[in-house]
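Structure in structure tokens, see below.
Going by the order they are written in, the chains are A, B and C; count residues from 1 in each one.
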Amino acid sequence: MIETDPDMRAVEATLFASDQPMTVEQIRGYVGDSVDVSAALTQLAAHYQGRGIEIVQRGKAWHFQTAPDLAHLLRREREESRKLSRAAVETLAIIAYHEPVSRAEIEAIRGVQISKGTLDVLMEAGWVRPAGRREVPGRPLIYATTPGFLTHFGLNSRKDLPGIADLKAAGLLDPIDSAMGDMLFTGEESDSELEINENNA
Amino acid sequence: MIETDPDMRAVEATLFASDQPMTVEQIRGYVGDSVDVSAALTQLAAHYQGRGIEIVQRGKAWHFQTAPDLAHLLRREREESRKLSRAAVETLAIIAYHEPVSRAEIEAIRGVQISKGTLDVLMEAGWVRPAGRREVPGRPLIYATTPGFLTHFGLNSRKDLPGIADLKAAGLLDPIDSAMGDMLFTGEESDSELEINENNA
Amino acid sequence: MNGPMLFDEEEALRDESRRDAGPGPNVLTIDIDGWEGPLDLLLALARTQKVDLRQLSILALVEQYLVFIDEVRALKLELAADYLVMAAWLAYLKSALLLPKDPTIDPSPEELALRLQLRLERLNAMRESGARLMARDRIGRDVFLRGAPEKLRVVKARAWECDYFELITAYGQINARTQPAMHIVKKRQVMTLEQALERVSAMIGRAIDWTAISAFLPPMADPALRKSALASSFVAALELAKRGVVDLQQESTFAPLMLRKKAT
């Protein structure tokens, strides 16, 4: 029976323990001259055929490896969700409202430069793709959203995005003014102090 | 035919590719929930019996290794594995056979203080770890062995420690006071032996 | 005896045989440092009796120990104190064992001897277990793990989070931020100095007695306007006083400012 063949066992163990692919001569250095290493390797290779692991020859050297069709098992995906940065959200919004748009145009609209990583993140997320080049001097890359973007945000088309007027109506457009309003409101409180003085008067 | 069983192939490849011993749960994380990992491991272990490499269980974890009887082929003469001092070996044995055990208890058995480095060496080797505190005055740290200890010494569990059953039966793992009680109780025999010896003396 | 035991089997064996040859009376090369304390020395001596430790003659062992210690001292080698403490204790044990039994001594010498024997047995058990443990098929020495495992990989797939509200809010804020700023001053209700002059002049005509300035203010609630009216009316009062139309009087600082039509 194959399992009890001592030569094959020796070759199998030697090749398994080695951290390098081994030639027949190198294996023989461990298992001894009396062993027909080539024959043992051929038999082993046949024996492992169709198994989860296999013995293969690369050039003159042999090694063990896992069966190539099982490679997908050995990589396990772990999802890790992360919040998009402020810059990325703004960049995505600009692309969505103005597409196709170049990087320079995005920066002009944002009023701030964007770092290289920002667009990469949006592309990694699958929401933005390069959409050709603008036919102007320098032929800059232009960017647009993907179908994945629409799916993620539950949109049928980009036309579903609320317009500026809608945003204004929803109070989403003027965060600065409303902040000012808050300050005036707290300002009135101090007025009442004055009133007390008046009443005293 | 065994070679074509997809579950077994998957488990075989996963364990073979891993650079760490793996528990059933860890393997399942790679091969998927539909696979009966335990059954596949048992079958694989049987399949490798008598071969140059084998699948073994150490504690909860499994791994591939070369067959022990082939050690003579593979032992690297020059790179002798770490040499432990006698103190370290005894300390390791005391922890393994008595765990969990405090430093004072180790010292009581050895009759000498443990030098600072001894426990460190064992912990650095990954064989020993602190395992809480004994709820007695002073709350001393207690030590126990690790899964890595079982793996390194080829033990399936602490029950496989050489001679542990005999030592237990002989009361040699009990503290001396309780052993004294037992011996005085069953008494006579050992007393008489002692007397005989005294006569010899 | 020298150094720690090495776990090369051969060396361990050699070591063991040297130990077993032990410190016989003819052994002059005594290295006291080789012993890990008196208990270790006692165990080595016990093993020279070549009996199961349970059959050990404690009296013989005590004798061996005391002889050994004497030899060492004769060689003027320094002995750690604990060896001497043990020697003293064993000398006591020996005499107690040899003397006629005294039932009042507790613990009895036999019990002490038994305890010593138990301790030696336990140490010996652990020493042997340690050696057997070291002799097992150990990874990296007897059995080998795979030399070049592919290794399992965990690939981190990042899922980016952003909801619709965040998206449109961000756009709104960009717009707000980048819109050319236009500042409009909010209209406030005020009472001009002219209005105040007119109002105070008209009202003072009817007032005969001293009247607080607050009485000249419009009675409506708007506090902003009220404040403006107060300021304007104050200035108006000063103006009217200058023109010689009214008299002003204030009893103390922050006291109400009183107005009266100047007597003519």
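Following the convention adopted for this analysis, a contact is a pair of C-beta atoms (placed from the backbone, for glycine too) under 8 Å apart; a residue touches a chain by one contact, two chains touch by 3 or more.
What you are looking at is a predicted structure, and each value in this text was computed from that prediction instead of being measured.
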item: Remotest chain, chain C as reference, centres from CA atoms; value: A
item: Chain at the geometric heart of the assembly (C-alpha centres); value: C
item: Centre distance in Å when chain A and chain C are each reduced to the mean of their C-alpha atoms; value: 36
item: Centre-to-centre distance between chain C and chain B (centres being mean Cα positions), rounded to whole Å; value: 32
item: Whole-Å gap between the CA centroids of chain A and chain B; value: 43
item: Sequence positions of chain B contacting 2 or more other chains; value: 14, 16-17, 30, 64, 66-67, 74
item: Contacts with 2+ other chains: residues of chain C; value: 144-146, 150, 152
item: List of chain A residues in touch with chain C within their complex; value: 13, 16-20, 63-66, 74-84, 86, 88-90, 92-94, 96-97, 109-111, 121, 124-125, 127, 152-155, 161-162, 164, 167-168, 170, 172-177, 188, 191-192, 194-195, 197-198, 200-201
item: Touching residues (chain side chain C, partner chain A) in the complex; value: 144-148, 150, 152-164, 166-178, 212-214, 223-224, 226-227, 230, 254, 256-257
item: Chain B contact footprint on chain C (complex, rising order); value: 4-8, 36-40, 54-60, 63, 97, 110-111, 113-115, 117-119, 121-123, 125-134, 136-146, 149-152
item: Touching residues (chain side chain A, partner chain B) in the complex; value: 3-4, 8-14, 16-17, 30-32, 49-53, 64, 66-67, 70, 73-74, 76
